[in-house]
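There are structures below to look over.
Common to both upcoming complexes is chain A, partnered first by chain B, then by chain C.
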Partner chain A sequence: MSKTKFILGCFDDPDNMMQGIDNLQKNSIPIYDVYTPMPIHGIEDKMGVKDSRLGYAAFCFGCLGASVIFSILFYTLVLDWPLNVGGKPSFSIPNFVPFTFEWTILFTAFGMTITYFASTHLFPGRAPRVMDLRATDDRFIIAVDAKGNVPHEDITNLLKQAGAVEVKHNERKYVSYE
Partner chain B sequence: MSHHHESIIREPLMTGKDITYAQITNDILLPVENKPNKAWWIGFTVSSLGALLWVVSISYTFWFGLGAWGLNKTVGWAWDITGFVWWVGIGHAGTLISAVLLIFRQNWRNSINRSAEAMTIFAVICAATYIVAHMGRPWLAYFTLPLPNQYGSLWVNWNSALMMDVFAISTYFSVSLLFWYTGLLPDIASIRDRATGLRRRIYSILSFGWTGSLKTWQRFETVSLILAGISTPLVLSVHTIVSFDFATSLEPGWHTTIFPPYFVAGAIFSGFAMVQTLLLVTRKVLGLENYITMFHIESMNKIIMLTGSIVGVAYITEFFIAWYSQVEYEQYAFINRATGPYWWAYWSMMSCNVISPQLFWSKKLRTSIKFSWFLSIIVNIGMWFERFVIIVTSLHRDYIPSSWAMFYPTWVDVSVFIGSIGLFFTMFLLFIRVLPSVAIAEVKLLLKTSSEQSKKKLIEEGHLDPVEVQYYKESLTKYDSIDMADYEKV
Partner chain C sequence: MKTHNSFEERFEFNGTAKTLSLVFIVIGVLAIALGFIFGGEHVQRTYSNLLLMSYYFVCVCTAGVFFCAYQYVAQAGWSAAFIRIPQAFAKVLPIASLILIVIVTFGLFTTHKVVEHGKEEVVPYLYAHWATHGLTIPGSENFDPIIFGKKAFLNIPFFYGMLVVLLGAYSYFGWALAKCSENEDSVGGMSNYDKSFKLSCIFLVIFGFTFPIFAFGVIMSLEAHWFSTMFGWYNLAAMHVSGLAIIALVMIYLQKKGYFTWLHIDHLHSMGKLIFGFSIFWTYVWFAQFFLTWYANIPEESVYFYIRWEPQYKFWFWLNIAMNFLAPLLMLMSRDAKRVTNRMMWTCIILIAGHWLDYYIMIMPGTVKEHRGFGVEEIGIFLGFAGLFTYLMLNTLSKFNSLVPKKHPFLEESLHHHI
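Let's look at the complex of A and B:
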């Protein structure tokens, strides 16, 4: 039994990497993940990744921010201590607009970004689970789980045919823990 | 195909021969991974001395109180608020580049957004120091927050534009910081994966464990787009609210509805000037000529020209409305600005902000690096004078002639201002040493579509309209980083 845990196809060109994905998919070989130094447009459709739902989260956080600050304004200006400014109504909505607007933005930005960090497991101090150190530099990596996907030689050939500059048979999943 | 070729008639956004993805990383990380050069040390020494001056003068202000400044009973607001508005305005260009240009899919933002956003953050920090300093007793800064006080629940004055400022500036700063840092994560990961030892540990913590996996990037792009979408109205709201500080008062010369758009245009104007001031030097010192090209410089100069013209129209509109309103006080405020004791400040503002940007109609001038840098300094000076004129000339001759006065800055006023410039440059110089000054991942996106080499390859393949190719070659002559000899045979 081979000790290989992951097969990595390393490409130096994103178009070749897309070809590599096609080659693997045509042969029904599941792809574990793809690591790239920059966003690759059109890859989500190919890999069948659904649209991100972070936009909905952003909207909800925006509504929350608006409600929170509007409530604070209403409580302080109207309920708790209505100020008499020349006999004008204390519930003066135009005055509430700048504050409500700012906190809508504030809650949207932070709520959405924190949701993003949580869903993608990003936080300060998290050990980077890197499969190939050049994936953040100049290599476009397709990772295939070696377990169950045999024979490994065929996978290597499919990646090579697409133009992989190197195919690695790694015995460890992550290289970044040493 | 993930990469579509761009039309040949568009100018390249990246120049240089045989550039690879690895070379982009190497070029941009050069200043981060190596010892700084002499130019950096000279700049850093001078700026830190400036920052030191700031520490001394701010400490002096806190120790002795606001009496250390040249304020008097008539001119109760002068250099502090001038400095505040100047710095906030400068910050606006960063958000404009990172957010507005992203929404409009202007790919030339990719190589300048990182340092422009950093500039935003440092400029807003400088602006915030003025707010805290002019409180006199900064340990009571929490009075601006809506907290119930010990005498009963008398809340903060929500009707005041200054209160709106607290919310606008704090939101602007924190959202800008978030946007900037989220964009930095992939680039910090690039540094991490090339570093060893302690450096690797530090950048590992800072990178939040970024790997560049498929879903990370997909969500990253959603987050960037939404952050850009909300930052755009945010940046407009910030300077609108800053202008409310004046526009909601009853002071002649301040009480005008034109202030919000006029301030926003002025902010973008001064911000782009500061981006030019910084980037023209940075590209030379860090050797980034292939990434921050003549196209970027010219585009920014065009924005300076446009916003400068908007500001000019606003100045003239103010004058017209003062006459048209037939309000004597309003009319006097403007005649006093142009011909009173502060005429020199007014005409400095007019010549720096209205006349000088018009020189950019000349293509020769707007593609000259030396002239662009010189003019960016002129615009910075002019925009400082604009705020000084608005603030001091409106106040110094109020409704009662017996209380008319002049404003004379003390050494503390001057030192706080010069010191804040030192503080700004110290932060910027530290930034370019420890973090990539150009967004590496975003620049890599340009390599196969908008780079000079990819376009040259297309020309060599020879399926293009020769007229368009000729047009393209002519547009290349302005670049200082392209050797036209390469195109003679092509």
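Let's look at the complex of A and C:
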């Protein structure tokens, strides 16, 4: 039994990598993920990646921010300590608009950052883990889960045919920058 | 799927679009004539509507120059495939400017008698608050110390100087940017692009500092006692959103007619993002202007909103917010919504009508006051100018040798625009 956990096809050219994806897909070999140092247009459609749900998270965080500050303002300015400012009623909506607007943006921005960190495991202080160190530099990586995808030699050949400069058989899923 | 696009394609201006725009121009002329035949308050209403629509017309054409300029300065690639549309807007600007100048001239030099504060005065139809004879002459029975203090800005020579210099400058830059782009088609290379970049930088600096002066002069001075430093930015936001909506609408129309086959939904999506973003910006500036006045509650500032809070304007005042803020907010917020052509089309139509209403709320309380109306003059003159704009703009578009700047350095990027 092979100890290989992941097969990585390393390409130095994104066009070759796209060819590699085609080769694997034609042979019904599931691709675990693809790592590239730069965004490649159209790759989501090719890989069947679902649309990001970050927008929904942003909407929820925005609503949360608006509700939180509205409650604080309502409690402090209307219920607990009403002040007479220029003879205006203590509960006057225009007053509430700038704060609500700013807190909506603040919570949305922070919330989206936290969501992004959580979904990518990129917390400050945590050494990022990647499948191949050069995926953030000059290599385009196709990762195939080795388990169940046999024979490994065929996958290696398919990747080589597409122009992979190197095919790695890794026994660990991640390498760390540590 | 069509895989090959002919970049030699020219726009042919004929058929329904041509007939309809000419019919609309005739309707507009009839509406103006009817306004004068009705007489009385209708004359004032006709003048106000003419000012409204000619200002709207100038703003939309200027928005074309503005759009081209910031695309060049940002070195944006995505817009290259349809940059001919805003270029056509820009090339119509000289005619629009001329129409505005003619209309304000008629408004300034034709007078009528009104009874103000119990005494009869002879005032011009437009800009009566500062152009009435004697307002700035000490000792005159019309003397007004506030207008006297503002006479360095509010006087007829300065007003004309401002209109001619500013609109002339905007028109020149619009013409020059289109010229560079046409040269590029025949010559190729980077020299024309570099020149466009330089022209755009100069234009944006001039435009940013002077557009508020233009808006102060043409619209804010209708109520010359009142002033707001936000007014220029508020108008800039309004003209930008309406300009973007019209560019998007023209894109959708021409695509439905079978032109611009190389544009795809991603281009419309990007336009949708700009329209959505700048509608929010419009609301932000609108609210900033309102909020400061509301908070300070100084009578000479509040009077502006006081008139707009009277029963005959209150409904329209709120409808303005609904059309220009709530409609784009609710209709265009999600990603998928911006990628549905018909939804984009309807949002653009709502915004075009909405910004007409926005200008209406700016102009009418200062001119026709409580004799507000919505009828033959409003609809007819709107249609007339819509027809005139469509006719001139599509006619200009048909004069271009090709609907795409063939040798634009970012053309490939634009054709593969993907978001």
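Methods note: the second predicted complex is superposed on the first by the 167 of 178 C-alpha atoms of A that agree within 3 Å, B and C clash if a C-alpha of one lies under 4 Å from a C-alpha of the other, contacts with A are read in each partner's own complex, and residues count from 1 in each chain.
Heads up, the rule we're going with is that a contact is a pair of C-beta atoms (placed from the backbone, for glycine too) under 8 Å apart; a residue touches a chain by one contact, two chains touch by 3 or more.
Quantities reported herein were computed from a predicted structural model and do not represent experimental measurements.
Number of chain A residues touched is higher for B, counting chain B against chain C. Of the two partner chains placed around the shared chain by superposition, chain B is the only one that A:Arg134 touches, whereas chain C remains out of contact.
Of the two partner chains placed by the overlay, only chain C lies in contact with A:Pro94; chain B stays clear of it.
Of the two partner chains placed around the shared chain by superposition, neither chain B nor chain C is touched by A:Pro151. Within the superposed three-chain model, A:Gly86 lies in touch with chain C and out of touch with chain B [touch as defined at top].
Residue contacts after overlaying the shared chain place A:Leu54 against chain B, while chain C stays out of touching range.
Residues 41-42, 55, 95, 98 of chain A lie at the contact with chain B in one complex and at the contact with chain C in the other. Chain A contributes residues 12, 14-15, 18, 33-44, 47, 49, 52, 54-55, 58, 62, 72-73, 76-77, 80-81, 83, 85, 92, 95-96, 98-99, 101-103, 105-106, 108-110, 112-113, 116-117, 119-131, 133-138, 176 to its touches with chain B in the complex. Chain C makes touch with chain A in their complex at residues 287, 290-291, 294-295, 297, 334-335, 416, 418. Residues of chain B that touch chain A in their complex: 1-3, 20-22, 25, 146, 152-159, 163-164, 167-168, 171, 174-175, 178-179, 182, 185-186, 189-190, 192-194, 204-223, 226-227, 230-231, 233-234, 237, 241, 244, 440-442, 444-445, 448. Chain contact summary for the complex, chain A toward chain C: residues 41-42, 51, 55, 86, 88, 94-95, 97-98.
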